[in-house]
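Both complexes below contain chain A, partnered by chain B and then by chain C.
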Partner chain A sequence: MSRIWFWAVFAVGVLLLCGCWDQQLMKNERNVSIGGIDQGSNGMIRATVSIRDISVTESGTKDTSEVHSVLARSTQHAREKIDEEISGSYSAAKLRVLLISEEFVKNQDMMPYLDVYYRDPKSPLSARIAVTKGKAEDMIAHKKIGSKTIGLYIDDLLNSLEKSTTIPRVNIQTLHPLDRGFDFSLPYLIDHNGKPTVSGIALFKGVQMTATLDQDDSKLYLLLSNLQSKKTLLTLRVDNPQKSNGYDYVSIEIKSLKRKLKVTVSDDQQIKVKLQLKLRVSVVEDPSNHLYSMSVLHNLEKILAEELTDDSKEIVQKMQRAGHDGFGIARRLMSFHPKLWKQINWSEEYPKIPFDTSVSLQIVNTGITE
Partner chain B sequence: MGFFSQIFSNNRHVGKSAARKSRVAPIEKNVEAALQNNISYVDQALFHTEDLVSRPINYLSEQGCLLYLNSVCDPDKIQEVILKPLLKAQGVNPERDITANLVEKHTNLEPVIDLMIRGYAVLFLEGREECYAIQVVFLNNRAVVEPANEKSIQGAHDGFIESMQVNLQLVRKQINSRNLVVRQYTLGKMTKTDASIVYLNDLASPELVKEIERRITSINADNLMNGYLVLEYMEDKSLSPFPQILQTERPDRVAGNLLEGRVALLMEGTPAALIMPVSFFVFYQSPDDYNSRSLAGSFIRLLRLFSFFIAIMLPAYYIAVVSFHYEVIPMELFYQIKGSVEKIPYPPILEALFMELTIELLREAGMRLPAPIGQSIGIVGGLVIGDAVVRVGLVSYPMIIVVALTGIASFVVPSHEMSYSVRLLRFPMMIAAALLGFIGIVFSFTFMMVHLCKLESFGTPYFAPAAPMRLKDWKDAVVRFPFWKLNERPIDPQPQKLVQETRAKEERGDDRG
Partner chain C sequence: MIAAKDKITPAQLTILVIQAQIGVSILFLPSSVESIAGNDAWISVILAGITSLLLIVIIWGLSRRFPALTLFEYLPMLLGKVLGKIVHVVYASMFILECSFLLVEFGDVMRDWVFSNTPGWVILSLMLLTSLYMIRENIRLIARFFVLTFGLIFVLILIATYAYRDADLMYILPINQVSLPGVFKAMMQSMDSLYGFEILFFCYPYVQGKSKGILKATIFGNIFSTLVYTFMVFTCLIVFSPEELKVIPQPVLYMVKTLSFTIFERADLYFLTIWTLVVITSVMAYLFMSAKTVSALFGKKQHAGTAPYVALVILCISLYPHDQDMINKMKYIVGILTGVSLIALPLILLCISYLRKIKGKEQAEA
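Right after this comes the complex of A and B.
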C-alpha cells in the first residue's frame, strides 16, 4: 500500500514539475519597449530596439533605455541576433510601438515582417505602428525625450493624438491581412528639432505607402471615414475683410457626426460613390463673436460647410491619386456586387470612380453653456 | 525485528496490561445499617483519596456522618444548608430538614460515589439502610464577559463561560420559547463530562436531531473533556480543510442559528457552543451584519467573501504572473515590478513561502507571548523584518504587499476555524501556481470547488445556497437583505417550518415596500 502511494505521489510530482519548463521568470527577461524596421543592405532589414530598464532604489526609480541595432534577414532572425547581443532573454511582450521607415514601406511589402507578431502567443497585438520619415533607427537612438524613454514617449504621443482624432487607431492586430476590402493608414512621424512629432498620416495602397496627409487633412479624413474619436477640434479660416488677421479663424468642436456612404453601380457597370457628412458642431473659439445674431450664424455655417466640402473633395482626390481606399469601397463592392468585383481591375478602376462629396454643418452651440 | 514490531504496534501490549489492573466496579452495593461499613466502602471505592472528608454528626439522637470531597464542595454551603438545619432539626426525616435545593435519597452506594465526585455531600445515619446525597457543589464561575476572539461592535457583549449551566441560561435568555429543548448526555468513559444539545423542537428537523444524538452517543472514548475534542469525533470529514461544525462563543450567534433550525452542542468546561449542521457561508456571517443596517451589513459581508478569494488566491496569482504570464500586467506597473524583482536571487515561490511562513511565525509568536511583549513582536516582525528583508534583497516590494494583503484578508473571517483553513489552502494554491501558472490556479480552484460541492455536514449540503443553488437563500448568505425581505429560512438545515415571517412590512399598514 505505501509503495503504491509512493509511486502515485512520485508520478504526480513528476507530471506537475513539467510545468516549470514553461516558466518565464520576469526577472530574466529583457523587455523591448519600442522597435524599428529599416531598409538594410542586400535585401536585409535593419532592426533596432530599445530596451527599457527600471532600477528601483530607496530614493525612487530610475529609467534607462538601451539601444541595439542588428542587420537581419527577417524579424525572427533579428530577434535571435538581438538576443545574442543582450544580457538576459529577449522578450517583445511589452512592445508598445513598432516604427517602420518610409523608405521601407514605399519600396517593399512589410507584411512578411509582421508575421511573427501574429504567431507568438505573447505577442503585443495592441502595440501601435507608425511610419517614420527618415530612419527608424535614428528615432530610437534618441533614447530619452525629457524624462521619458523613447518608447513610452512615442506611445503616449500617439495615444493622445488618437484621442483627438488626428491619427487613426491602428495597432498590429488591426493590420492583420485577413481584414480585406479597405486600405489602412498609419501615423506619420517626423523628427522635429530632435523630438519625434506626428506630422500627419501615411496613406497606403495595399501594403505600400503612397502618400501622406498633413494633420488638418487627416482630421477631416478620419471624419469622412467615420472614425471620430473622443474629441475633434477643427480650426478653419473664415475670410473677414473688415478685421485684422487675428479675426480670421474659427475653431469648432464636432459634437456629433453622421456619415452616409453610398456605393451605387449603374446599369452600364459604372461605379459611383456618394459621400455625405453631416456635422453638428459647437464653436469654441470665434474672436469676432457675433454669433448671437442668427444671420451671422447661418452665414458662418455656410462658409464653414463650403470650406469643409472643398477640403474633403481635395482629400478624396488625393486618396484616389494615391490609390488609397480608406473608406472601404472595395469591401462594399465585394459584398454587394461580387460579379462586378470579379470583372474589374480595382487598382485601375478606383482612381476613376466619381465621388460626390459634400459636407453640411450645423452650429448647435456657441458659448460655454451646453 | 522485535524492536520494530514494538514500534509499529504502538506499544499496544503495555496498554492492555494496564487496563487489566483497573478496578471493575460492582453495579450495586446497598447501604448497610452499620455506619462504619459504609464509610470504609466509600473510602475504598475512592482509593483512600485524601480530599475525602468524613465529619461525624448528630441528628437528634441518631449518630451520623457526613462524607464529601472537600475539593469540589463549598464549605460555606455545607455549613448553611446541612449543618445548621440539622442542629435545629425537629422531625425524623433529614430530607425535610436540609435546606439544600437538591437532596436525593439513595439505597445503592455506587451512584452516590459518582455524585460525590460531582460535588455532593452524603449523609449516612447509623441504623438506616439509606443515605442522602446533598448538592453543595463549589461554583467557581468566571464572569460572563465578551469573548476576546469574537468581538462585536454593535450588539450583545456577553459570551459563554466554562459552566454549561450558565451557558444554557444565556441561550434560554435569548429564546424564551417552550419549544427550546435541552437533551443531556454524559460523555467520555473517564472524564464523564456533561454535555447537552439544544434545539427548537418545532423547528429542527427530527432526523437531524436523531443523527446528532446517534453520533454523540456512539463516541466511545475515555477523554471527551471538552467540545473541541467532540467536534472531531462528530465531523463528517476530519481531513477536509473546511470545518463542518461552527464553534462560537456568542450566545446571540447560537440563538440566531437555533432559529434557523440548527442544533447547538454545549459542554461543561467549554466556553463555546458547537453549531451543526453548517454551510460554508455561515462561517462568513457575523452578528455584526445583523446588528447593523442591511446596506452596511451587506457591504461588510461581500467584503468578507471577497477576502476569501484574496486570502487563498492572491499570492498564487502573483507567483503565476511573475513567473509565467507577465504580459497581463499593465505596462507602467510591469516595469515597476520588474525593477524590484530583478535583484531577487530566488524563484518567486521560494520568496513567497519564505514571507508567508515568516508571517505565520510572527502571528504564532505574538499569540503565545503575553500581551505587552506580543505588541513588540508585531513591530519587530512587521517593520524591521519587512524592511530589512527587502533591503537585503531576499524578497521584493510587491511580494511584501501581496503577503501583507493576504495576511489581512485571512484575518477578516469571523470564525477562527475558517481562518485557519483559508491560511492552509493558499499553500497548495501557491505551489500549483508555481508549477503551472494560471492553469495551476484554475485546476486547484476547481478541485477545491468540487470538494466543497461534495462535502456534507450532517447530511446537509455544505456549499448550500450555491450548490445546490437556491437564489432565495443568497439574500442572507452572500448579502444581507433587510429583515422584512427574509421571509423564508435557509433550506439547508431542513427546518420544519420554512416561513419565518409573512408580509412583515405590509401588516404594519405600510405600503412602502
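Right after this comes the complex of A and C.
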C-alpha cells in the first residue's frame, strides 16, 4: 500500500514539475524576424531588428512589424538594450535573416559579433545571412513590402534565389569561420526603387569582403564551385549580325554538371590548378537558330562553350585578385600536400597560381521544337 | 541453480552489452578523441574496439571457469577472504563512480542544451528514480526493456546520417598525420566509452546455451557499438574542420542543430530526447551492477533492497562536481579505477585461476 502511495506522489510531482523552470511561452516572447548590423560610432555597432507580430482579428490575421535600432558594444549588449525598449522579452530564436552592411564587413572582422549565435543553444543557426549595399538599418526600415513583413520578404527572396543557383546556400552555421580551407561568399542585397533586390554575391577573403560578382557571374561561379541547386538558367549572348536585336540571346538550362578540380604540385613546388566544367544543357530559348541541323547545333555548342570559358576565366581572375578562394584550393593543399601547405604564405601565393579553366558543353534537349 | 524463468537468451545478452556500452559518450567522444588523434580519431576508435574485444575474451575466459557463479561469488575463492573483500570494494566504487560520472555528463548536456534553469538535482533524480524502478527487477526484465528501446539507436544514426549533406571527405585527409603514440593515447580515451561489456560478469550464469554462444553474443554486441561510435566520430570529422571540433564539445548535437526539415526545426531536441533513453539504459546497466556489487558486499542475495541506497549515494556524488576542473578530475579518477578493475584485475584473476587450478563446479545442463 505504501508503495502505491509513493509512486502516486511521485507521478503527481513529476506532472506538476513540468515547465517549472524552463518554460518559455510564445505569448510572452517578442520574436525577431530580421536583424541587421551596421557600423556605429566609436567602435560600437548599430543593431537594428524588426519584430514580427501577428494579430488575429475577425477579418483574418494581420502581420505587423516593429523596428528598433540601438547603438551597442556587442551583439549581446544590443539584445539587452533592445529588450529594455520593447514590451515582452526579446527572443532571437526565430530569426530568419541577418543583414550586415558592406561598410561593416569591408572595414572590420564581423566574427566577434556572431559569437553569441554559436554559443547559445536557442540561437537560430539556420538563419540566412546577407550583405547589404548601404545600411542594413535602411533596408529593415522598409518594414513591409507588399503584404509581407520585411523579414519574411527577404527570407523568401533569398530562398528562391538559392533554388535557382544565383546565390550560395549559406546560413550562420555554414559560416563558422575556423580553418576550413575555403572562403565563403554571401548574397549581396541592394535597395532597388524601395525594394530589396539581390544584385549578386559578395566575395570574402577570410572574414573580409573584397569584391562582388553580378548575378550572371555568380551563377557561373556557383557552377564552377560545383554548388548547383535545383535549377540553373543561363542567358548568353550569341552575336547575330544579320538579324535584329531580339535574335541575339540564347537561354540554356543546365541539366547535369560535372566539375573536375585538380590541384597539382610540380617538383619545384609550383602549384597549378586545372578546372574543367562539363555541362549537359537543354535549350529553352533560341530565336535565331533552328537546331534540326546537326552542324548548326554543334556550332552553337562551340560558341556557347567559348563564351562560358571566357567568362569563367574572368571570374577566376577576379577571385584571385580579391584573394577569394571559393573553390577550396587551400583545403586540397592541406589534405594532399600538408608539407607544402606549412611552408607557403597562402595569401601571397594564391593570386599567383595559374588556373587552366575550360568549359565544355553539350546540348541534349531543345524543347518541343528543334 | 538459476530458474529457467530468470534466464536470458544470447540475443538479449548482445543487446544488454550494446545498451550498456552506448551512452553519453556518443556525444562527447568525437571531440575528445579528435583533440588527441586529429584526423585519425576514427582509427583510434576501431583500435579501442579491438582492445575491448580482447578484454571481453578475458572476462569470458574467467566466467567460463565458474559457469554457475557471478564475479563476487568466486572472488573469495580466487583471492582469499581479505584480499577478495578489498578487490570487491574496488569494483563497487568503480561502478558507483562510473554511474555518477555518466550522470554528471548527462546533466551537463541537459543544462547546456535544453534546461538551462532547471536545477541539476531534479533532472538527475528523475533519471535515477526511473532507473531504480527498472533495476529492482531481475536481469530478464531489464534485458526485455533494453530490447524494447534498442531500435532508438538506429533513429539516432538516421538523424546523424542526414548531416552527410554538409560533409566533405577531404577533412579526414591526410591520414596518419598524428604520430602513433597519439593514436594510442586517443585509443585509451575512447576505451572509456566502450566500457559496459563488464555486464558479462553479472549475466554469464543467466545466459542460456553454451559458453561459445555467450562469447559470440558479447563480441557481436561489442562490434556493433564500436561501429556506431566509429560512425559518429567519422561523421563529425568530415562535417567539421579540425579547428571547429576543438571548440565544440558535443559536435553531434551541433551538427543536427542546423538541420531544418519541412515541418520541424531544431532537430537537436529530437536527438536529445531519444538520446536520453539511450543514456538511461546505460545508467540502468551501471546502477544494476553497482547495486549487485554492493549487496554482495554485505552478503545479501537480493539487490532490490540495497538499490535505493546505492542510487542515493550516486545522486550525491553526481551532484558534487560543479565546474569543468572537477569534472576532469573525476574523469581521471574514473579512468584509473576502470583501468585497474577492467583491464588489470580480470587478467590477474584469470592467471590465478589457471595457475592454481581453481575452477567452479560444472553446471548441470538445464
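The criterion applied here is as follows: the second predicted complex is superposed on the first by the 345 of 370 C-alpha atoms of A that agree within 3 Å, B and C clash if a C-alpha of one lies under 4 Å from a C-alpha of the other, contacts with A are read in each partner's own complex, and residues count from 1 in each chain.
Here is the rule we use: contacts are C-beta pairs under 8 Å (C-beta built on N, C-alpha and C of every residue); 3 or more make two chains touch, one makes a residue touch a chain.
A quick note: this is a predicted structure, and the numbers were derived from the prediction, not measured.
Contacts of A:Leu16 after superposition on the shared chain: chain B is touched, whereas chain C is not. Look at A:Glu29: by the touch rule set out above, it reaches chain B but stays clear of chain C.
By the touch criterion defined above, A:Ile4 reaches neither chain B nor chain C. Of the two partner chains, neither chain B nor chain C is touched by A:Met294.
In the superposition on chain A, contact is made by A:Gly181 with chain C only, not with chain B. Applying the stated contact rule after C-alpha superposition, one finds that A:Ser55 touches chain B and leaves chain C untouched. Contacts of A:Arg96 after superposition on the shared chain: chain B is touched, whereas chain C is not. Common to the chain B and chain C contact sets on chain A are residues 17, 20, 22. Chain B meets chain A in the complex at residues 321-324, 326-327, 331, 334-344, 347-348, 391, 397, 432, 434-437, 439-440. Partner chain A is touched in their complex by these residues of chain C: 112-119, 122, 126, 129, 166, 168, 170-171, 173-174, 177, 241-244, 247, 257-258, 260, 265, 268.
Residues of chain A touching chain B in their complex: 16-17, 19-20, 22-27, 29, 31, 52-56, 58, 61, 63, 93-94, 96, 122, 124, 152. The touching residues of chain A, when paired with chain C in their complex, are 10, 14, 17, 20-22, 121, 125-126, 171, 173-174, 176, 178-181, 328, 331-332, 334-336, 338.
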